[in-house]
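In the two complexes that follow, subunit A is the common piece, with subunit B as its partner first and subunit C second.
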Partner chain A sequence: MTRCHATALLAGLLMQAVTIHGQSFMDPRAIGIGAFTAAGKDSRGFAWNPASLVQIRDWDFSVTTYTGVAAENAGFAFHGLTLGKRFLGSEAVAVEYAPGTQLHLVVPPTLTVSGGNTPVSNDREIKYDEPGSVGYAHRFSKSLALGIAGRYRRERVTDTRITLVQRDSIPLFPVSITQSLESSTWFADVALLWMPREDLSVGVSGRNLLRFAGASLPDSLEWYALPKTAIASLGAWYQPVTGLHLAGQISTNGTTILGHEWSPGLGLSLRNALFVVRGESPALAAFSVGIGWSYEFLDVGASYLRFTNRERHSGVVSLAEFDAKEIHSLDLNPYVRDRISLSVRAIFGNMRESLARIEGVEMFGAVYPSSFETFAYRPIGKARIRNISEKPIDARVSFFVEKFMDAPTESRSVTLAPGGTAEVELTAVFNERVRAVAKMTIREANILVTATPAETFDDRANAPVLFRGRNEWDGKAESLRFFVTPDDPDVLKSSRDILLQQREALGSVGAGMEPFVKSRVLINDFSGKLMYVSDPKLSADYVQYPSETLKVRGGDCDDMTVCFASLLGSVGVATAFVDIIPPGSPGDSHIYLLFDTGLDARYGASVSENPKRYVLRKGKSGRETVWIPIETTVIVRGFDEAWTAGAQQYFEEVELGLGLARGWVRIVDVN
Partner chain B sequence: MKQTLLFAVLIGLLLVGCQHPADVELQLEQNTTELEILPIVRPDTLLVTNAVDSTAVLPSDQMSYVGQFVVNKVTLDAGPGKVDSFAYARVFVSDSTVRFLFRQVGYNGIDLGAVLLNGLAMAKVPHQIAVRSLLLRDTVLTRGVEYLGDLSHTYEHSVPYTWSAPSTSSGALSVSILTPDRLNVLSPRGGGVFSREKDLLLWWRGGGGQLQIIISIFEPLAKKSIPILELRSRVNTGKALLPASVLRQFPRTSFYVFTFILSNRKEMGFIQAQAGRVLVQAATVYNSYIELR
Partner chain C sequence: MKTVAIAMLIFLGMATLSGGQIVVQKVQGDVQLRQGVTEVWHRVAPGDILKPDDTMKTGPKGTAVILVPAASPQKSSKRVTLPPDVMVDISDVRELSQEELMLKLAMEKVRSSSYQPTNDGLNIPNASVVHGTNKSGETALPENEIAVGILQLNGTRVLFENGFYPTCALKAMEVFRLFPALGERFGNRLLVAEALERARLKGEALNEYGAMLKLSGLTPAQESLLHERMGQLRK
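Right after this comes the complex of A and B.
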């Protein structure tokens, strides 16, 4: 059903409404909240809105009893029982046997015929009852459900009449005749329940929309017949803050009910309602208070309904003031008395209640194969979860992408109050398959929230995850370092081969100068073998792995920087990227290399008399050492020119331009 | 299993003590009492009088007693300006039946000698029996005596009245009875016109004793009343309802008299020519003459 259809049906129901709305009160929660059209959440009180049946879990069973509060009518009477069942996920049915949904009126006798041993009085009893109801509900979507219900009503009048007959020598002889007359009718109700948000439900119900009448009362007793007019109500159920629900309900001719339910925790619920009826005196016709307690599969409730017009609800009504047409509900009408109701509800079956719900998932960005390991500790996204139970829970969220993960990653446990929400960061431990992604790929991630012990999950959601190609780069210097592969066999072989060729020359170098000399040898050697070329993808977000650069013997500045960082790293030389994003022209961003000679800052003159040709900075060891800037774009001209160009660039951008201090130059350690 | 047991216990708690939901009483009229409705047996009118509106003794009682010591205060209410009242005492004791043309037509009144009521002599008058037949219309037979006393100006409520007859053939006789309270009927008032389609409120003031309401057809031309039903209040609350369903079954005649009788009664044995029991009665009688449509 589309939303348009639902709106049309809702409008139709409202147009049918012509009289005060009244419902069965066979549930303390319904009495306590009062405005129950949108507040139902199980089979209890489904007569208010059969669409609410879709919220029951599996088997749902409840029993209700009630008592009057005055001394003369105290004593518990069985009200009825309800059995509900959800099936096929979105369907639900319920039956209600309610012998206590009745109103028994007695017109006291005026005459008694004393014939024989058993005097017979001409009293009259009028009994209205609705002993049975059935309901069915269908959930069209997560937010919309439709319900229909049928109610069986009987109206029985037992009348003892005194007839005067003529006999020998007796002009009028009184004899009594008892007659019992009954009418029966099936009523059909239709209702909608719309749940646009987690904290809001709107319900509309139309009662008595269809009637299937059986026997009817004779015209002489029509005065006792109950009204059969169509009835409608519109209700809302809103949660402004965690643990508190407000309920409101109106009927088209002036009945207004306001109520609330507060769940402070420990399974407790406190309820209160006000019933305002136009035309009643006082207008606040009744109020109710209620309490509920739920524990695992049990739910116990109690309520007290008190009418403000004490005289009218005293249990004795003048026959002259009695009007059956005022009785739109057998449980709430001008003639019933204050009552206390008790109920017990139990849930059976396997369909458990979810304690937590995923309200939304946000992915922070794409997964770059070069840096996929970082998601083991860096969030790949976050999930917003809510405690939808009435007790505190500990919830965990897991994240899993099939094929690219060997097992789901699970978040830390988060404690949530009833109705509370939290944002949980998602991490992911990807496997090596990610590195083989050649081009951009989208995979579905499976996110689960688990709050119920021993259960797999309470709710699940899916979110698309974008995997970039293996050579794609996000343009950040921090990410570029993930392309540096000093342990790559090709890189290791290349650097070892060069150093082996220069073994004799290197043997005469002092230990302190070894990193510098090795770096110079490697750079000089590879400068003749590699060629600077522009990015084959014509974009800055494509980076070759060092093995690829060595294979194709060339690359752009990013590729060359990564490749030489890898070669130097393979022989134990620490490197760093100098990331330059010129202010005002970010398109001219550039990266070149620093490598650590390992020489103490005091011995900078060992590599150059000109201190502007080297950089003193602290490396991983925490010791200030001499670093050599290498401009990789001119590295094909040899070490010295690359050094000279790098040193000049560094001096201009860092020393003169204060790039580091102003933040447009950053040095990112590779290792 | 533990949960099932817990649930069973809770269900049991709810089911134990199941009672019927309390009734709602639709009160007809405040403080009305339930009336017992009784038929009135009408014996041969040659032997009894139907004038319960003045005698306050039902025809069946007239047949069952051999004599009556009666003191009655009677009010006749035929409407505003048509209210009259009187009080009288009557003593009649029969000793044998009177036959005329092979039919029993009445009783012979015993002469008890001088009969005093509260020390004042009652008038001894001939006991006359009116005989109606096809052959002799309105024939009056005189058989024995009866005693009458006019108390219209002396009658008092709630005081004892004592009859004494010092020289009867079986010895001296003395019997007392306490007169009942005052009785005033507020509904139906005499002269009123009431619908058979509505419950008729019976509303009186006068406590003590048992209240009877005798409903009689009234023939205004003959000024005769014919009792048809007797009502008795179970508790004298001063109000009762006669339902329309019963009124509708009354004969289609228009005029009725509702005779409210507040009485104190007792019996005493009497042995003379005809053994039996004698009714001793003090009654306050209020008659409302009404029209039913």
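Right after this comes the complex of A and C.
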């Protein structure tokens, strides 16, 4: 057997056109934005920056498909899938299976031999692919993360050689022998992601920093080997206004990419990018547009990448022009063609990304046991919350203090635009245990913000809450109201006992005068039983409850005012505090009592022919009635003296001094 | 003797005027004084010093002259004659500064609206609650004696005639609250409106004239007068 070897020479091939099939970008969002080093947020983008894996929530799964746009390469094909997982809060891993990440060149035959039933040709195919990658990321803090990735690359050259075999019957018979030569290498990438502000991220990545080579191509085929030089990229992701992100990236391989993403709402995102590549003609090598839509755990995206040099990226290149050393990346190189990519991503699991964050909590003041109920309506503090997601959210803030609350109180829902902030007032429904606080106590409050459906909370914060002792008072007349307890059994019993003793005398009083006469009876009776004494600790902020004043039979002006307001209130008489804070000497502040006789102004003479002894004012009924001022500090001398002193004081301070109009006298209705 | 007494009175008056106090110069017939918030009336004698919280009244045949110190060095003291049947609060016998006047008017508004505590959603309960109308209530009580109200309104006229327009108007309004029937009288209300007008409280005067149009039983002449006054104020 004579054997002739006919080998296609490389020199002969140089004039041939090479057909290229390729696909690389795995993520339509990445294609749409282009500059993706600092913009990744899920498992699909870790090829650009593995540190971006820290942005994934829990399980993250995606499938990508693609199609060419030219007639000869149209038709969707499977590109790959990724699976990512975040764990321990600050760690994340991902794997990528991407049979579609490849570049396939076919060098047409220089020799075709027809013989037998099948023609034989000496094709050469070169295939580069990166079918698998793994990534890992660690978050050091809220603003800094590190990522590493390993990419497996294969470079395969397949030659078909034709051998002419001499046979007895057939002079020369062509026999084809196919030979594949392959190299494989693991590349290691390292990257950082820095997020100094809510609206800014900066990414740095180093590709091909380490190589772990397996089999390699023979020297004769080294011409087809891809460059293995390290490439550094620096990218930024900036949000100038709510809903708009700008991206930029430069790489040491001469690629500059600018892009943006606009999220107008309803989960939609529109993207656009420009790719400038050094050495390409024109320099603006490509542009892309993309669209995305996300809802809850689902995210779909599509992108279109178009190259400006139609000849270069036509899928056919002369072998003379082909240079494997230009292929620094399978993602973007002179031989990639226009394409459309589609991807679907789903998020699973319980550990979800927070949609809202608490930026600060401010407590308005202490909780006074006497008025703790007011915090059910009046804010105890406020929390500043921010929407840190990219879609509008409805957020609620809850407030809870263990032991003093039975359940958290929750604010009304607040709608926040992406990046938007709001101050939410916190209310608290405390339980009766607060009343038992004897001395000042500090407790920690838990504040939670919840924006994610079915999640317990998205962020939490703590704030100290100061609980004052049960007898402490903040010095405001409005708060003194809450020491008034007309329904206290001790108060009720005391007032009822006195009125029962005077039953016969009271029976002859007309109903119109009843409140006045009852009040006079009560005050006269108790004036003999109580005495004026200062606070036990010389503090103006200490107020006794009426039952305590009745028990110890004395108190200062606050205690007496509160006690008599309670006694009168227990028999249905409306009262008010006259709060005096003299201008220039606020330390001499004073408080005394007004009670409503219920008499219309035109019957004022029934209580006194001197109008200076009473006050005409509108009560709760809206009717102008006669109110009697009572100076409680002299109440021990009886009703008439307390009335005279109160009326004189009121006339001087309000009518002559114009204190009410000037604001240093205030009247605070108790009931 | 009489000349000596008058000279002494004048001397006394001047001496007290230097202290800025109101002094009784002359008393004839039944003139009484009520101090502060007491309910007892005392007879008044020439030379008595009056305090701002005092109230003075004259009987059917009583008259008195009081000397009111000048409100400022540029002005002279004022001699005010109280005719028979008037009641005057001494605190009203003074010229209010513009600030005091505005504060007084503000206080009227405060009084009419009444102070209510912050709406914190909580109310201190009243242990006794009465449902329904009190059938034996105020109707059994006598209304304030209208004669007292008339005395006070006469007093406001004295204030008006002596140029104390703001206090005249404010006092009259107070009297109307205590004696609603007097507030229905055209002449009394006209006095208030004119006092407001003289006090250069154009808006308040206009409001008062407008409110008077709602009085029942106005004659065409009275209505015409009110429209004329309102027209003049609007110019």
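Here is the rule we use: the second predicted complex is superposed on the first by the 451 of 671 C-alpha atoms of A that agree within 3 Å, B and C clash if a C-alpha of one lies under 4 Å from a C-alpha of the other, contacts with A are read in each partner's own complex, and residues count from 1 in each chain.
Keep in mind that, in the parts below, a contact is a pair of C-beta atoms (placed from the backbone, for glycine too) under 8 Å apart; a residue touches a chain by one contact, two chains touch by 3 or more.
Since this is a predicted model, take the numbers as computed values, not measurements.
Once the two complexes are laid over each other on the shared chain, residue contacts for A:Leu499 go to neither subunit B nor subunit C.
Touch criterion met: A:Thr65 reaches subunit B, while subunit C stays clear of it.
In the superposition on chain A, contact of A:Pro108 is made with subunit B only, not with subunit C. By the touch criterion defined above, A:Val552 lies against neither subunit B nor subunit C after alignment on the C-alpha atoms of chain A. Contact with subunit B, but none with subunit C, is seen for A:Arg161 once the two complexes are overlaid on the shared chain.
Residue contacts after overlaying the shared chain place A:Leu656 against subunit C, while subunit B stays out of touching range. With both structures placed on the common chain, the touch criterion links A:Val636 to neither subunit B nor subunit C. In the superposition on chain A, no contact is made by A:Val509 with either subunit B or subunit C. Touched by subunit B in one complex and by subunit C in the other is not one residue of subunit A.
Per the touch definition, subunit C reaches subunit A in the complex via residues 34, 36-39, 52-53, 55, 91, 100, 103-104, 106-107, 110-118, 120-130, 134-145, 148, 174, 177-180. Partner subunit B is touched in their complex by these residues of subunit A: 63-68, 72-73, 75-78, 100, 102-114, 119, 121-122, 126, 161-164, 167, 169-174, 296-298, 300, 315-319, 322, 335-337, 342-344, 346. Partner subunit A is touched in their complex by these residues of subunit B: 3, 6-7, 10-11, 14-15, 17-28, 30, 32, 34-43, 199, 226, 228-229, 231, 234, 240-243, 245-246, 249-251. Residues 373-374, 376-378, 478, 481-482, 484-487, 491-492, 510-513, 569-574, 576, 599-606, 608-613, 616-619, 624, 644, 647-648, 651-652, 654-656, 658, 660-662, 666-671 of subunit A are the ones touching subunit C in the complex.
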